[in-house]
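Chain nomenclature is as follows: A, B, C and D, assigned in order of appearance, with residue numbering initiated at 1 for each chain independently.
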Amino acid sequence: MANITTRPVTKLGIVGAGSVGTSMAYAAIIRDTARQIAIYDIDAVRAEAEGLDLAHGTQFTGANTVTGGGNIEDLAGADVIAITAGARQQPGQSRLDLAGANVRILEKLMPQLMEQAPDAVYIMVTNPADVLAVAAQKIAGLPRNRMFSSGTVLDTSRLRLLLAREAHVLMTSVHATIIGEHGDSEFPVWSNATIGPVPIREWEISGRQVFTDEFLAAATDDVVNAAYKVIEGKGATNYAIGLAGVRIIEAVLNAENAVLPVAATLNGEYGISGVALSLPSIVGHNGVYKMLEMPLDEAETGKLMASAETLQGTLTSLGI
Amino acid sequence: MANITTRPVTKLGIVGAGSVGTSMAYAAIIRDTARQIAIYDIDAVRAEAEGLDLAHGTQFTGANTVTGGGNIEDLAGADVIAITAGARQQPGQSRLDLAGANVRILEKLMPQLMEQAPDAVYIMVTNPADVLAVAAQKIAGLPRNRMFSSGTVLDTSRLRLLLAREAHVLMTSVHATIIGEHGDSEFPVWSNATIGPVPIREWEISGRQVFTDEFLAAATDDVVNAAYKVIEGKGATNYAIGLAGVRIIEAVLNAENAVLPVAATLNGEYGISGVALSLPSIVGHNGVYKMLEMPLDEAETGKLMASAETLQGTLTSLGI
Amino acid sequence: MANITTRPVTKLGIVGAGSVGTSMAYAAIIRDTARQIAIYDIDAVRAEAEGLDLAHGTQFTGANTVTGGGNIEDLAGADVIAITAGARQQPGQSRLDLAGANVRILEKLMPQLMEQAPDAVYIMVTNPADVLAVAAQKIAGLPRNRMFSSGTVLDTSRLRLLLAREAHVLMTSVHATIIGEHGDSEFPVWSNATIGPVPIREWEISGRQVFTDEFLAAATDDVVNAAYKVIEGKGATNYAIGLAGVRIIEAVLNAENAVLPVAATLNGEYGISGVALSLPSIVGHNGVYKMLEMPLDEAETGKLMASAETLQGTLTSLGI
Amino acid sequence: MANITTRPVTKLGIVGAGSVGTSMAYAAIIRDTARQIAIYDIDAVRAEAEGLDLAHGTQFTGANTVTGGGNIEDLAGADVIAITAGARQQPGQSRLDLAGANVRILEKLMPQLMEQAPDAVYIMVTNPADVLAVAAQKIAGLPRNRMFSSGTVLDTSRLRLLLAREAHVLMTSVHATIIGEHGDSEFPVWSNATIGPVPIREWEISGRQVFTDEFLAAATDDVVNAAYKVIEGKGATNYAIGLAGVRIIEAVLNAENAVLPVAATLNGEYGISGVALSLPSIVGHNGVYKMLEMPLDEAETGKLMASAETLQGTLTSLGI
């Protein structure tokens, strides 16, 4: 009969075997996101150990294989590549300096990745993700649909958790989205938010308005500061971003055309161009098909412009 | 209408918000293992941050809730409690000293846990798991079916990975089990191992015997040393044990009566009593219903006795 | 050790082993909706055969058990009971006559069911489901939260399929709901419908409005007539309602508080009382917690009133 | 940006929109077996209605699409094709006559299918499945790995249900297989059967042997007659075969190399050639990679030869 081979039906590459990259791989094996997962890190020893630990768990998952190591060739032919590799912040180093360090990593990394996986869809997770998505896109010469950041998919999930708990409903029955920068200038589109089909400000429990302006302002603050709070307590955030990343990856691998708030480089949406900021977008087989223009009120439009300016400022400072 | 409540249908408690406890919680939310998950750690700050990071990911999972914190009351009414809390090895401290430190933790912890969850099934993951299962059982006055260690479920998964890769078959088509101590004296029952229905030593690829004595000996070594190798590379093992733990927990919460190699205190099986070592066991609603006596050849019986003696020695040294 | 028992963690009862009841059971075993499923039918022979065929498939599912038969005692202690039993339309029998026949079945059935499962949440699937939900509620003396119909969960799914195909997006990225009667007077709430966050009438492909008034009218017609079309081609509809039913059942068994358009007896919502019609509702552990009042435009409000009158008329004709 | 397309990642074709074909499609959408499912039947009206009913349920499943119709072109490019189309037994028609009628269907069908999906893996479900697999293989000129029958996957599942219930363990902890003809001459390999790792005849409950020779004989009878019993009660068997079929399909689509008892044409295994009978086989990307020779006792070997002769006889009678 035929020789025994194990042809990977779908292949996911992850760059970076840190806490984010390995959590994403863990979520991916448990959810059966891809048939084959390869993790690459310059720290080959760590990547191999992580790959081994993950592989030891595959007895309890679907028919997946997962490996880790220091050979970038292991990513060859990947359908999707998630980039989670990054420099660690050095003492005295500013956030901008860190961004610059990560751009320099991408300058070396992207050409190597493009050699291994020229047709892959690339998802930038390393921070500042929106800025690095633009940088990586330019370095690699990728069309904007095939290089985008995980955007505010995670931030939106944090928002929905807060709202769902307060409304006492299932998270997927909450419709509210964080858009703009994945960072301090991001904001929820309250004008459009609903619980089930009920406008958020009209949601009542026992005749009392639940989502007052005070509540909404506090929730916004909470979301914007959630990462800081988690990092303060445990040194990093990894589990939620692992699942958020996998959700985006699945939209691509399954050709879903799901609407998710990722950040690809804008090209005229809301009159903005050249920066990547998060808008609800159609994500499918070829990456981002379209970034949607939803109705915004005046204040929200202002905030979106402010987000765009912040990001443009960073890009300019970094010379991108 | 009725007041809105969220009644947890099933509740999982995890003690220890370290790398093992949180990986287990992550696997549990992704797999929908329990409706409510509560993590408790004496390090309340870390536990809260971990709980928050995990909860942020629940937008992408089923209808789960997960929290972390420093109040043991949060475990109240849990159906299953997995214990992953442990002291860190101190410089100059022997493994036996570490075991003693963990016994002392259990002396304080178990009575508190029994107050919160008197009817729970308890699964010991903290090492030395087999020794601590016996200690905790005595401290708490629990019947042996409701306090057992995760045993060699993980070790068996490591073995099957090696064999499946070599045989080019799916992991669940490999039938082979590690029994004995979860530790250096553990061993695979080769006399009973098969690939599909084929005895392992008869498995051929192109007429060549694949699983030679040399291969089997090397595979045994690999498995026994797998944890050391992973720890050397990444400082801990957490992902695979997270999945292995969740597999056992599901057997209990779903009343599965699955056969899994966990370790409850033996009571005459193979003539052994008073130590907990891993044998294929029926795991269901009330924990371990029965530890199975499978056919062993003479060498294997000898190894099992040696495992029992090793464990008895440790228990005696610790005064348990 | 303890005696081996298999305690059902969650139990689903299905009344009626017809094409709908068995499809629902099939979906339930595949999705692991409940640990134990019991199907009851007055046609014991058919129910046993269906139970056997389903049970033969459980090798490939989670840890479920499923049985079928003619003893109503098999439903004892069920957490949720879905009613799919119904008389077959006789030649010359009007729809109202059929409704009357089904009411008479419920007059015998409900007291027997209440004896077996006094605390269950009951979901009416048999048609006319909205009418029968009210009848069964009265017969059994159940509070309105614990006896409701599957409403327009299925009809809404049909609508979203049409819209998702046209918009080229994932079905769960379409937000649109059918409300009112599960029947000819039902209607979509276009004023509230969105694709992702974009109002449906603003959705464009290449600058062209996709969802014109003509399209929306045709889609409404399609949905209202979908059941007729399917029945014409295959004699019944069963698969989609099987999944819709299971979706509702899961909301109850998992205590989800999901927002789903089911129909419980209204008590003042939109000024309507005494009839059950579908509105987005919070469904959780105790059944329907709340029926939501979403913003409707004038025409939609009119249609809702018309639906209420139609249903009230049927109830009156049937003397309920 | 790029044009919106929905590229199917994996495509499953099903021939026959009868009770078996549609149950298989239903299981496939619920389990997310393939991204795109197309059902073809000469009865276009029925197939369209079934496709519509199934599609209406996809709101509650993963990102699948499913369609039904009378155009064989809809199967173009399928990765796997399951054949469930068959003639209905006519009054006075013998089983052999029915087989002949189905062979004639295949003579027309296979060339058309090969045109649409020349590289697909084909799974024969229509009865007599083992006979038709050989016929279809010859008609289409397919290598034996790419045309095989679902064999005794279903029969094995029936056996494990009986054994698991009696042993009070999870079905996947039962290791026992039916081999030979999918039909009256099939038989379980008791010499190899275990519960967990315990030989079946050594399984005890409270010191009593559970699986006596009488029990095993009765269980064999039960399995061989299971289909008759179900058909007597409900007119067909469909749900279990739907899941069994999907299990095999997943092994192919996920490149699993799972060991499953399917039936490809033997080529010297146990000295048998030219007939397809079920043996535990490695099933993966290219279909059947290898049919395994497991140890059989003398009586079992005899039964296997008898199965082979029965099948050879039928092939000869049919002139294949």
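By our rule, contacts are C-beta pairs under 8 Å (C-beta built on N, C-alpha and C of every residue); 3 or more make two chains touch, one makes a residue touch a chain.
Everything quoted here is computed from the prediction, not taken from an experiment.
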| item | value |
| --- | --- |
| Intersection of contact partners for chain A and chain B | C, D |
| Most distant chain from chain D by Cα centroid | A |
| Chain C-chain D separation of Cα centroids, rounded to whole Å | 33 |
| Where chain B and chain D are represented by their mean Cα positions, the distance between them in whole Å | 37 |
| Mean-CA-position distance for chain C and chain B (Å) | 42 |
| Chain B, residues touching no fewer than two other chains | 4, 6, 63, 168, 170, 172, 256-258, 282 |
| Chain C residues touching chain A - in the complex, by the definition given at the top | 168-170, 172-173, 175, 177, 189, 192, 195-199, 202, 251, 256-259, 280, 282, 292-295 |
| Residue ranges of chain D touching chain A (in the complex, touch as defined) | 1-10, 35, 62-63, 143-145, 253-258, 267, 282, 284-290 |
| Chain A residues within the chain B interface of the complex | 4, 6, 22-23, 26-27, 30-31, 45-46, 48-50, 52-61, 63, 154, 156-158, 160-161, 168, 170-172, 205, 226, 229-234, 237-240, 242-244, 246-247 |
